[in-house]
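The structures considered in this document are given below.
Shared chain: subunit A. Partners: subunit B in the first complex, subunit C in the second.
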Partner chain A sequence: MHGKAENSGIEGARLAVIPGDSGVWVFIFADMCAFAVFFLLFSVGRVAQPELYEAARQQLDLQLGLANTLILLTSGAFMAAAARTARAGNVQGTLHNLLLTLGVGSLFGLSKAVEWSAKFNHGIGLTTNEFFTYYFVFTGIHFLHFVIGLGVLLVLIARVRDISVQGGAMDGASLRWIEAGGAYWHMVDLLWIVLFAMLYLMRAA
Partner chain B sequence: MESKVDTRYWRFCAWMGPLFVAVFFYCWGILGHNFPPFAPDTPASEVAGWFRDNRDGVRLGMVIAMTFAPAYGVWGYALAKVLEQAVGGNKPGDNILVQLARVGAAWTTITVLVPTSFWLTAAFRPDALPDWMIQMLYDMAWLLIDLAYAVTSVQLFALGVGFLADKRAVPLIPKWLAWYGIWVGFMFILECVMPYFFNGAFARNGILNFWIEFIIWMVWVPALTFFALKAIKRIEQE
Partner chain C sequence: MTGTREWPVWAVWTVLTGTSLLGFLLAEGQAPAKVAATAAILLAAVKIHLVFDHYMELRWQHRPLRQMLAVWLAVVTVILLGGYWAA
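Here is the complex of A and B:
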């Protein structure tokens, strides 16, 4: 369909760095459960010490939190577009959308670095109080998810780029990987939205 | 002509995993007062007093726990044999994932043995040791066994990624279990904040850093063994 695929043997051999399938949903489900426990712990703590939680919440930078949310939502929209173009068999479009997902998403790392450094410069750290313990641990674990997500995006981009260079067509395995990677990326997105609401927005007292 | 895989002793070795968990849970956990552990903010006098009163139980527990620590490594090697069959290829034993799965299991054995000897030291002559020193030994053992998580993560990731590479229509080990193992290895990272806390969810006895972390790992071992035993049967029939 899309010209000859001379080195088709390369598929599956070199590109299957991370083999994938629907089992990724087990990871996502287990992770959601872990975050559910995090949220529960936070809620219990907030009920016990509403004034402390409210005072600490007001020290967070709402604008940066909102910027983070918009960054991830925009990046998530490009990811969804990548899945759509991949299903339509549009290799170039998929590559562009994945690159945009990565490019926009990377800004989240920058913004998080700015936010955390500001906290450390104000003498606020992991053990300042219970609110900030949860803030740093939960956003830290989320950040780790984000970094892994960037790695997944890079693998997807390399895979689609190779298909593009060879002039090949989108294959089933690549499509499955883009969808699985997309599901993961949306989880990163979703978890942040819940974290944002819980840490930055909800008034405790 | 492909020769049949020699699976002798595999089952025996695979059973060492659940055996390790059961023995370790009772000897290290119950006899050694580690399941759950003393909270880090427990007064030194209380920890020391408990060791003095229960020295015989702790010694028995730790001696048996140390004796059975290699069982984890033996189990890990059995799992690596199954992994060889999952990754396939000409020389699956040379596959880096198989090697990492082996070495991750072997290293984990060391990270179980060494801290166990610290608890044993605390129970060896507790009357001669000041309270703070018994507390220090107890802390040191906990800091080591928790913070050595990354060693076990090597095994968890290698087995997880390797089992996902299985090309069979019905893989030897279910993909959900492979993913679960990867997730457990990943969740262990929470241990990094453990040294900062004396109470609460992230302390060594906390809901996250003790209850959830230990249980998700202890469940993984027998679950993987169950499917590995089924996989061995299939390998023999293939």
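Here is the complex of A and C:
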């Protein structure tokens, strides 16, 4: 009975907790709402010109789109593992997982560079048509978020490395940083999941 | 949401990867276009739900935030499906 009551108390406390920092979540939600407006603009454009959107979609490289998705999901898995190891107080494990998050995640930048340069080499650019205007603007803004995410990861790695070098323990502030940085990195994942489905996979009849 | 139990990270990754491959194969394959596109959007919604619950760790935390994100996901899914079926 005592154990059950204690667990209920912990559960109740956890239900009120936001991982990381509430300010980060306000930013994340506002950003996600901005992207929802982008998705609405794209859908309205698609209704007006379905043939143009389908012809343009067929010029995208689905294999690279899938590769981008798998890269971000794998990097996100290491980020989730980093948050769990940090919560367990495992400094070395956290550093290891953060480095893997950064390493795997960086491949997304390489993949996007290959994809965009192939488009430019085929004479496809921002002004080719409405579909490609949205394609470059949306994936470009998403890429900017990705670059900011890499910066956040570098800050987290430096912080955890300092703890490791000093032989210290994971403190509450560092854990909140990792959770907040992780939430941001996962937002980059989930926005790409929508972009991949919307731009690459919605084949017209 | 998907309950309070913490899934192993590799299990979440496996489901996310599997649903990504399924959406890709449907889009590339011989499935009717409307079926493939609708499935791709619904699979994306499932993946985002899993990211909320298991990567962002919101499955048992802060109900108002979870509800806001669930509303966002519902709105985005309706926008994409509505736009596709109206075209």
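Convention: the second predicted complex is superposed on the first by the 183 of 205 C-alpha atoms of A that agree within 3 Å, B and C clash if a C-alpha of one lies under 4 Å from a C-alpha of the other, contacts with A are read in each partner's own complex, and residues count from 1 in each chain.
Here is the rule we go by: contacts are C-beta pairs under 8 Å (C-beta built on N, C-alpha and C of every residue); 3 or more make two chains touch, one makes a residue touch a chain.
Quick caveat: nothing in here was measured; it's all calculated off a predicted structure.
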* Asked: Of the partners subunit B and subunit C, which touch A:Leu190 in the superposed model: first, second, both, neither?
  -> second
* Touching A:Val155, do we find subunit B (first), subunit C (second), both, or neither? -> neither
* Just subunit B (first), just subunit C (second), both, or neither: which does A:Leu144 touch? -> first
* **Dominant contact partner of subunit A by residue count, subunit C or subunit B** => C
* Does the superposition put A:Leu70 against subunit B (first), subunit C (second), both, or neither? -> second
* Mind working out whether A:Met202 is in touch with subunit B, subunit C, both or neither, as first, second, both or neither? => second
* To do: Considering only the touch criterion stated at the top, classify A:Ala55 as touching first (subunit B), second (subunit C), both, or neither.
  => neither
* Structure fact -> Contacts of subunit A common to subunit B and subunit C in the A-superposed view 16, 18-19
* Asked: Can you list the residues on subunit C that touch subunit A in the complex?
  -> 4, 9-10, 12-13, 16-17, 20-21, 23-24, 26-28, 32-34, 36-37, 40-41, 43-44, 47-48, 51-52, 54-58, 60-63, 65, 68-69, 72, 75-76, 79-80, 82-84, 86-87
* Name, in rising order, each residue of subunit A that touches subunit B in their complex. => 16, 18-24, 26-27, 30-31, 34, 37, 41, 126-127, 130, 133, 137, 141, 144
* Which part of subunit B faces subunit A closely enough to touch in the complex? -> 161, 164-165, 174-176, 178-180, 182-183, 186-187, 189-190, 193, 196-197, 200-202, 207-208, 212
* To do: Using the touch rule from the top, collect the residues of subunit A that touch subunit C in their complex.
  => 11, 14-19, 25, 29, 32-33, 36, 39-40, 42-44, 46-47, 50, 53, 62, 66, 69-70, 73-74, 76-77, 79-81, 83-84, 179, 182-183, 186, 189-190, 193-194, 196-198, 200-205
